[in-house]
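Read through the structure below, which is laid out as structure tokens, and then see the notes.
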């Protein structure tokens, strides 16, 4: 109801403000007997952590997740798994420049109006810092999905007007290697360099820029997704649109597909393995989902992020009293959010898939 | 869980298959004492009804909704409001051409795999016929929203590669008049003619084409939307992606915004009415939503529909036994779905807004 | 939220008022491929139907359920199963005696205060007529449970101060035969006669009387129930307390158990079948549930019903304007509700068990 | 779904095992701008804390709750409020006597069967230690309710066969004073002494005993509760049955009411304040709830607790391998749970009332 939970069966609830004591998450509905590797959780958090490169915010956070419950002798027990990530960088800063001023294209005004109060320190709850909790939960979801060989890969496919070419390889491990080899997190090294240079120039201009993340999910079994409202792509869309700064979502052929004709767009079924329960399609404009249910082909989608709202330039605005005012960004902010958001996108996708994988167990046993 | 409900507070559950006895909907959570105009519900259904023009399917359905409960002496009572729409066109057809064959880019294969059974008559539950129930429920939601002067307007802004210019008028009543003046349901008459000619040519070629619908919502109060996962645009995205054939969603600046810089994209606050609780922004790249919460500006979004999968041409496919097969569309199908989908998009938007309007009552009273 | 749905996975939503067009139910989450016997659904409704004996209300209703969706060629399809039961006895009655008067111990006052409007015809939504929809849904749940050999038996174990002895037989079919052999629906024929005579005398005195229903559930697998809040007995309690007129619930040793010592009350584990996964206990004060999870022993509970509020005697009350008034019951009411409520109790128990049986599939596959 | 959340609008999710790092709770849906008194939260926890008297367990826990989020400058912000209570007494104990043995009438067997794994240290998640998190959340709910003058009072009304007389005073503050004046937490001092002596004797015999808690809730507005399934008393029943060791629930006239006649049981409406929207009833067999909705009278209910299962005597049992075994309770356990459970009952009642109070805001604004 109040919007801080996601998922029905594999359900997470996050808490925490940017500069409060801690952020964290409870996972309720994680099956028992899953061997959890805490170093894997940490390695995922490290990919989202601030300060990892010159094109990200320089805020200092180790982002160490501590498991408080739900794990016994290295395995999940089926009880709620709680993780807490302390906020280390809570130094008593001067917030006087934003305390009573509404930063443009931030959530200051809407939070103040909705709740009649807001924690103005670093954006409080509206800060993307909250997504660290999602990444920790996503690591657990990925561990569950790995038992079914389901793999998720996201990378930066666009920054500003720069667009990466389509992926050549479809080997997830290889793709991750390429992506992690550059600070733009693009799976095409040449485009990555272009992106990095561009982000650098934007940063030096005190400005920010938007970007796009493309995702591929492999080895999803046929049958995930619950029509009619909880279609698999509808839940993916909601998950992605719930990430800070996201303004667009498309799957399969997406917006481009809306310009096509049925005779080009239809994905023709074939049966290469001579297995009537594991068909393939010649094309994949459906993005691996038909009628809201996964069809076993790769699931593909793309997410658009607006430019970060905090810029290092003076901007006109209005303060809480309704008076004209001016504001200039201070401190440590990302010039472009997509390199760090890659792991958030993967985490949310993993949460959607884990939820639907478990949900489908209810029905698959009856066939 | 099983995916046939939408909304938390203003919650609908739909039922029914394309060629079963009836389709229908229960609305649970509609407030009491709302005066319902049944002729308004019917007029909404008429806009979605098949057979309304030469560019839509010719299936014959009067789509008459009967209210079974929840209304007493013309007013809602706060109890569940059930509506049933009988399926009139259930004539015993010959389904032998699809009974055991998987139609390309339809849900036949995924339904069969997920459930081990499917009602193959006209697509069963996966048919867009189910959306008539949403339109009926949407009419009730619109009635609720009208009490707060909230207005929703959708129109066809693109068909194939044809794109309508930006709206000139922002007067909803005028826009509806223009839109209903042409069978393409585009608010620009010149573009509408172009679209109609194009759809006609596609239809004559036995083919289909995709399109786009643009939406504007006016007079939304500040405060709707529940961060962090149930952001207003996240719920709109889920609602839209849950409509048959939708492949993309964007709000505010959308995908184009991801190419912009922060300094261009930020919406500057101003206070023209000298009212600190009702600010405006100079631009509206935020699409009326900041931090997942409505800010009082117009809410704007756009939805992409793939081309209808049923085409009147022979296509290769595979049957249930896994054997190669051929299939050709028969009967009465839409060459382009967007003219009829306009009212479905409006209905789903109304359901999201009604749900969040009611949800926000919990919090607004505490300020 | 608005309270007309029950269950998470096997989820029902009911609608309808006592004297509206129809009542009905949607089941969302019923697994596919279950063969439904409509005559079984009808036979269940017949046990709840008014007018079946001299100790029940004489209202005339055939209570025929029509399936509108979710079933194809006799089998469930995994899509929502909607059933409608028309209200036949809607004759234009004179409601002037209750239209603006609050009947004592009825829901007239609270509905009027909560909703600002009420359908006063026969109690509207607050009438127990709504439970017919639950019985229809319960019949589907029982069909699902029968696949796992789970059997539910309820009978009238108390009327007024009359109390039936403990059950001798534990053979469900035999118990049903005995119960259905008398109009009190008590599994002890001698006590049944006593109850019938007593109810008759109460009825003739224009009065009503309360009673108790006892339940036994057999063959439940170990593992149903979700700690900590959704304990199996907590959901059973909620289900029972949601039935009209219920004022008390106890399971296993119940209130009497609260007078006992641990040394008498503890159920000692034994392993008669030499099967470490199917233990038994020597006693069953736990009522088949430990830590909120079924342990494989018989589940036992008891439900208390207050006397029906409508009596055929003049009573003082207050009208909607706040003025003193008098009211006398008219027409066709039950002198004692428990004989007809037996099947409602079974239906709600079946819905709880079906929900938890499906829910547990998520976890059982991971062991 | 997995059962660790309670409430729809004012929703809590608890986590933690008896001997893990910590237990805790997230409250999602607490309205903004509530001034929180941390010392009040602590004083509530102190009433549940182990080791507070000779008739409770001697486990040493300070039970200090730390707020991690959702509060800014002493006020709630509308964002999730997380509280953590570290487990101090985690000393490396010898659990060899229970590690592979199923304690009679505990949850060892059912947890092992359901999850295939269990944290055997002190019962893990099935331990009543988890209820400390509920008490902390309940203190926040009470703070919310206090804004509407709603007061909740619970006390020990029965231990074994000892039964307290009906309450004389209805002044909550006076009642709390009396109750807190004795370690049995009974509002009748003479009965309290009797109870204490009896519990002492039971403890010395290495045994345990059950008991009963009675509750009165004052100043509830008319209108709380959502028919038909989420009746106010149905949610209270579920809340109470979800507390460890509870075996029975009754409200208003309860089981005794099922022996009465309608003519005695009906509560006659009167209008002493000459206010048609605030009627009273002469009697209150309805327990303040009619048709599932509060009617403004005192809400009354009673809860039955079985005797604690851990006794200091040898008992026969079966181990995980299915072999006969013997077990004897060790350490620090309550001989009777009700004196400490009083505050848990109040907390759960507060959570139900807070949830329904907020839920009703959706509807009350439409009248």
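Every chain is named by a letter (A, B, C and D) in the order it is written, and numbering of its residues begins at 1.
Please note the rule applied: a residue touches a chain if its C-beta (ideal position, glycine included) is under 8 Å from a C-beta of that chain, and two chains touch if they have at least 3 such contacts.
Chain labels with UniProt names: A, B, C, D = Chorismate synthase.
Since this is a predicted model, take the numbers as computed values, not measurements.
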For chain A and chain B, which third chains touch each of them? C, D
Check C-D against B-C and say which one is joined by more contacting C-beta pairs. C-D
What is the distance in Å between the mean C-alpha positions of chain B and chain D? 46
Could you work out how far the Cα centre of chain C sits from that of chain D, in whole Å? 26
What is the distance, in whole Å, between the centres of chain B and chain C, each centre taken as the mean of its C-alpha atoms? 39
Give the residues of chain A touching no fewer than two other chains, as numbers and ranges. 1-5, 8-9, 14, 29, 32-33, 78-79, 114-116, 125, 227, 359, 362-363, 366-367
Within the complex, chain D is touched by chain A residues 1-5, 8-9, 11, 13-17, 20-24, 26, 28-29, 32-33, 66-70, 72, 75, 77-82, 84, 114-119, 124-125
Name, in rising order, each residue of chain A that touches chain B in their complex. 1-6, 8-9, 14, 102, 104-107, 109-111, 113-116, 125-126, 130, 158, 160-161, 202, 207-212, 222-223, 225-231, 233-242, 247-255, 257-263, 265-271, 274-277, 279, 281, 285-287, 289-295, 304-311, 313, 315-318, 320-324, 359-360, 362-364, 366-367
Could you list, by residue number, the parts of chain D that touch chain B in their complex? 1, 9, 29, 31-34, 78-79, 227, 358-359, 361-363, 365-367
